[in-house]
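So that you can tell them apart, the chains are marked A, B, C and D in the order they are listed, and the count of residues begins at 1 in each.
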Amino acid sequence: MTVLAHGADTRAESLTTMALLVGVGLLAGAYGRGVHELWRRRGAGVVIPGWRVVAFGLGLLVPLIAVTGPVHELAEASLTGHMSQHMLLLVVAGPLLGAGAPGLPLALAAPAALRRCWARARVGPTGRLLRRAGVLAVCCGLAQAVSLWLWHLPGPYTRAERDPWIHAVEHACFLATAAAFWAAILGSRRHRLPAPLAVLMLFASMLPASALGAVFTLAPQPIYPDATDLVDQQRAGLLMWVPMDVLILGAALALFLRWFAPSGPSTPADPPATCRLESQSPEPAVLPEGAQ
Amino acid sequence: MTERIAALTAPDALAAEQPAGRSTGWWGMVMLITTEATFFAALLGSYFYLRFQHGGDWPPGGIEAPKLVKPLIMTAVLVPSSVPLLWAERGIRKGRRWRLRVGLVATLLMGLTFLILQGTEYDEKLHHFTFTTNVYGSLFYFITGFHGFHVLVGMLMTSWLLAASAQGSFGSRHHEQVSVAALYWHFVDIVWVAILFTIYLSPRL
Amino acid sequence: MDPVPASPARRIFARVGRPLRGTALPVVLLALAACSPHSPSALDPGGAGASRVAGLWWLMFWISVVVFVEVMAFLTWALVFRRRARSARRGDPTRFVVVAGAVLPAFVLVAVYGVGLRDLAALGHGPDKAAVTVDAIGHKWWWEVRYAGSPGATANEIHIPVGEKVRIRLRTADVLHSFWVPQLMPKTDLIAGELRETWLRADRRGEYRGQCAEYCGLQHAHMAFLVVAQPRADFDAWYARLGAAAPAPQTDDQRRGQEAFLQAACSSCHTVRGTPATGLVGPDLSDVGARWSLGAGALPNDGGHLGGWIANSQTSKPGNAMPPQPVPADRLPDLIAYLRSLR
Amino acid sequence: MSATAAHPLEGAPPEAMRQLEEHWGEEKTFRTFFTTVDHKRIGRRYLVTAGLFFGFAGVSAMVMRTQLAGPEAGIVSPQEYNQLFTMHGTAMIFLFSTPMLFGFGNFLVPLMVGARDMAFPRLNAFGYWVFLFAGLFMWASVPAGAAPNGGWFAYVPLTEEQNTPGLHMDVYTLGLLFLGISTTAGSINFIVTALKLRAPGMSLNRVPIFVWAIVATSFMVIFALPALNLDNAMLFLDRRFGTHFFDPGNGGNVLLWQHLFWIFGHPDVYIIVMPALGIVSAVLPVFCRRAIVGYPLIVLAIVAIAIISFGVWVHHMFATGLPQLSLSFFSAASTIITIPSGIQMFAWLATMALGRIVVRVPFLYVVGFIVTFVIGGLTGVMFAMTAFDQQVTDSYFIVAHFHYVLFGGAVFPILAAIHHWLPKMTGRMFNERLGRWSFWLILIGMNGTFFPMHLSGLFGMPRRVYTYPGGLGWTGWNLVATLGAYVLAVGLLLVVANVGWTLRRGRPAGDNPWGGDSLEWATASPPRPYNFAVLPRVWTVHPVWDDRTIDSIGPGAAADRILADGRKTIFTSELDGRYERVVEMPEESLKPLLVGVALLVLFGCLLFGRYWAAVAALAVVAGILFRWLWPPRRTPEEAGAVSR
């Protein structure tokens, strides 16, 4: 879409790619170290089960796919491509990273000084408030909504288009807020919302995202100055709208069912032939002939 | 059989002296806030909808984008006003009534300052455009005015707490109404941030 | 009076339910519809858009019949055999519920959705380059009709050549309206402040009744119009007349009528091309004598009703914008004669 | 096992019973009529008031049908007709369906979850008064000739000042804003009641489906109603103060109204139907004499509908010319929403197929519901296909659809509920024969009224026309519909007559005439003011079919579930229903009524443009609320103060 920007500084671009690689590498290393530490102390797969590790690993791969290769090309070419990039980060990488329950391992891997700070912050009054699953989830949800809206306003969006560094910050924002939000939904049991609340939270977080999608899809003019293709914009809007909704609906229902079904309805062993509390004369006084 | 009956009719409350769990008041307020938040979300959503449906210059009709200094000052007044309230609430949990009163007064004063600043802001703006000028004017005054009304309601609640605390109703055992009213105030604060973003920052973005 | 050949016979039995011809139900339905040969029935399509939708309808209709019968069969079975059964059965047949209530419907729905999408795309496929472009402008409560490239205007009547996709541009002068010709094309709303587009293609000649389908106030009931599909040659002739001046009065009473028209308040609201009457409030009257109705479907267009309409249109279409006209009783016949001559 | 083993009222010792009676009982005096906070009285009032509004709206419909019986009829003028159908739709949706179902919720939810009242009894009373006043506020406009006339969804710009001058649409906007207060208050109350006041042991997966439905509905209200309120507030400002939200000439946008309206409006139709489906799930197992099939699936379906219904609103705007791409999305979403309905439908069918069916009037209405709702649902799915919808939207085909789902989906279950719970509410049994007559008349009349509308719609008849020309193939069908409507009206009047008969002549019904499964059947008919002498303990979804629960309210229950020393009930934990603590419930009070009256004055002043008086009324509201919530004076020790 913007030929101008990306032709100009391929250098900046390769630098951001390197930054990304370094970031992903650092995260992977830290997470791995934390998990290793945990498994060593508490037994493999105990605190952080294997599937969470896998999820986190996959989650780290996604941004690599999203900002390089064909997806990148697509993103350069059209708004739709660009939105698919965002969606990869928000609805694929986010839940995967969140499911990795990265809080504990990353904290463990941090340098001692940082860890001390962290521990102090955790027990302080604000820390305790923020650590409540509900508060945490609301904050992360808000942060995700705000970053979603902020980066899609014409100003920040075009600036990100022009400057690879800003673009990188944008992506980092999406990734971080989405991961944090999903960690509150799918993360470790201690920091996770109870399922019914998670369903509500998911629903509430769906609204601003859908609204943004709606604005894109329904706008009669191009929203960004240098994009002119209306159909492209509509497709982009729908891309923002549909996958998010579908993912959230699926996640909400799955969470709910998982929470609800196993404990199951405890039906009485025998549906009683007559109920003990039944009145003496269940037959109505008058019954039409042959009504039975 | 008698054993079974005894088991089924036995007490449930096992010396649960301390009130456990959330109160109905808390849940009621959370639900009220949820629905109000949805209202604001719909309102701000309508703002963006109208903006992008309108296309072209925004704000339209030669109205200049709002200046930032005053709203930032207002933010600096309103958002921190939650802090004395938190402090007051924490105080009354420990039974410190003076902290409650001082905190409430501080919050009230900050809220009042906010409203006064908003008044002066209107005073300036009304020279340039009113709510009948065009849709931007309508949106601007409706959104900020509606929020201002919420601040007013929040202040009424705070004054109510203050009055009730003067009568001596609150202490470490009875402070539910304080926490519930405080929730509302925090909500009004957070909404302001969203409005700041929408009305004041987004036209520049 | 009719600019087109006599109203076409509706080949009801032949046309409708084509995908499932030979089955009894559509025939019955249509026989019922056929109470009136003039029914603007969506099941009796006369053009491309509507016949697609009619096909979709019959598909969904039969699926619905199957689903309904299935549910009823279940219900009846239970009511017959489980009533006064000795005891209730145990078990929680969750799998049955999921399969019958979710999985099977999902298959059906996906299929129908596919067909529906195809039809939606077809409806959206307007003319790439239309030979005829019509502007239909909704007013409370009548349709102003203009043709791109022609200075003329008419009201409540749209002439189109048979077999061609005609582009229709829709605007409203006041509130929302909706453009609907059941036999030709589904609806498109007229949105205040915006421009909408649709198209029409009639595959057989004839008159197709259309009506405003969005509630637009007091006289929403009387906001009908007629689409007249005619062979290209007839259309061209009609089109040529549209651009020309209205016919000059021929007889004395017509001449007196014109005078009265121009002197009275009429001309401040109505236009008659080629005369000093250029009002824009009401419909252009240059061809009023040839139109199918008065007041957008409120009254048949004949001398008697025209007189009544002029004297006080508020009795037959209360609330319309035309105030009662104090035309002296002796001038009224002249006025009628003049207006009837405009065709 | 003797049938009289544990009469529900015998669980508490006589002394405790006397105390309960003293703390909860209220004499039926003139004063307590206005001050009561008893959820059962309030619930009954909701039902009667909503029934009254149903009658008004029904009579409007009968006038409309009479006008439409033949072409070019002149029974009513266009002005009158337009007011009639607007008030008919508005009242049926806002003043009848939801309040009626909320009435059942009010009566039943505390009983079903085993509590002594709603979580906020005074708020409950307040909600009723506001509903009553808002309803009267709107209906009063009819004799005044100033009734709303813009259709129940009041599209702009028709409803703007320049196109509809006069009070008509101000009555609409203000009336709905006023009513919204009641609906929101009621919803919050339901949610909190269901979260905190459930009987010990009633974890969320043992909550009756009806309660689930009411709670999901309430959540939908919480999230959907603000959109309508915002819409109405903006329209009011546009009309009265010259703002430009919907004025395209000044940057506004007319479609904004539609988006906001339907973001509310679509969830609203499920707000109406969901408690009704809950009623079906409550009635059906009783008459099939077995547990409902697929309880978790049904609850899941309820949650799914609640979520999806927020994503389909544009299907009401398919003809507005929005981008095709977005239409196909909404088309898909509207298609998907049928699946949860299908799950529920087949769960009911399976329950019937495995049950031992006992046919009584409530069950008949459930059968009527299934027949009609499936038809309505199937036409709904047809609209989900955009191309077809564009053809039939705003035609009588739509009118047919929504009456099938509204009458079939909501009114039939409401009728089932009336018959099912009338014995509980009044302690008397209705007349079965009369009930069957009314059922058949209603079933036939309903289909006779609304089935022909499918045809007239397909044959091109638009809705909201006060008359139509003959000779278009519509006349016969309209006549049939009108005749059907008369049959229907007779059937409904028989229901009213049956209720009257029950009240005066009905045979005593006993506590559990149907052998029902949920907790409301484990107490007296009609229930005592405190509902349960012993608050029950719950182990299953069908507690009354469970011996343990019956024993838990039998003789010898521990005092912590009797709580006779005051107006008290129990809080349990939100998710798993563990006993938390005992709480005091508020006494009756006049303040809810006073706030209601002050609000009525407020909205009246707004309507007539007396804005300063409105501000004064608002101050009065605030003042009363100030007193209402005023905490009791406590000594520092009581309050737990450690410093000044």
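Quick note on the criterion: contacts are C-beta pairs under 8 Å (C-beta built on N, C-alpha and C of every residue); 3 or more make two chains touch, one makes a residue touch a chain.
All of these numbers come straight from a predicted model, not from anything done at the bench.
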{"item": "Starting at chain B, fewest touch steps before arriving at chain C", "value": "2"}
{"item": "Far-end chain from chain C, centres as C-alpha averages", "value": "B"}
{"item": "Chain closest to the middle, measuring from C-alpha centroids that were averaged per chain", "value": "D"}
{"item": "Centre-to-centre distance between chain C and chain A (centres being mean Cα positions), rounded to whole Å", "value": "49"}
{"item": "Intercentroid distance (Cα basis), chain D paired with chain B, Å", "value": "31"}
{"item": "Chain centre separation in whole Å, for chain B relative to chain A (CA means)", "value": "27"}
{"item": "Chain A and chain D, separation of their C-alpha mean positions in angstrom", "value": "35"}
{"item": "Where chain C touches two or more other chains at once, by residue number", "value": "83-84, 87-88, 90, 92, 194"}
{"item": "Where chain D touches two or more other chains at once, by residue number", "value": "223, 253, 255, 259, 289-291, 359"}
{"item": "Junction residues of chain A - those touching two or more other chains", "value": "207, 214, 218, 220, 267, 271, 273, 292"}
{"item": "Chain B contact footprint on chain D (complex, rising order)", "value": "119-120, 123, 184, 187-189, 191-192, 195-197, 200, 221-223, 225-227, 229-230, 234, 237, 241-245, 247, 250-253, 255-256, 259-260, 263, 537, 548, 551-552, 554-561, 570-571, 573-574, 579-583, 622, 626, 629-636, 638-644"}
{"item": "Chain D contact footprint on chain B (complex, rising order)", "value": "4-6, 8-14, 16, 19-24, 27-28, 31-32, 34-36, 38-39, 41-43, 46, 49-50, 53-54, 60-61, 94-98, 131-139, 142, 156, 160, 164, 167-174, 177"}
{"item": "Residues of chain A that touch chain B when the two form their complex", "value": "125, 142, 146, 149-150, 153-156, 204, 207-208, 211, 214-215, 218-221, 223"}
{"item": "List of chain B residues in touch with chain A within their complex", "value": "34, 38, 41, 45, 48-49, 52-53, 55-56, 90, 190, 197, 202, 204-205"}
{"item": "Chain D-facing residues of chain A, complex", "value": "194, 196, 199-200, 203, 206-207, 210, 214, 217-218, 230-231, 234-235, 237-238, 241-242, 245, 249, 252-253, 256-257, 260-261, 263-268, 271-282, 284-288, 291-292"}
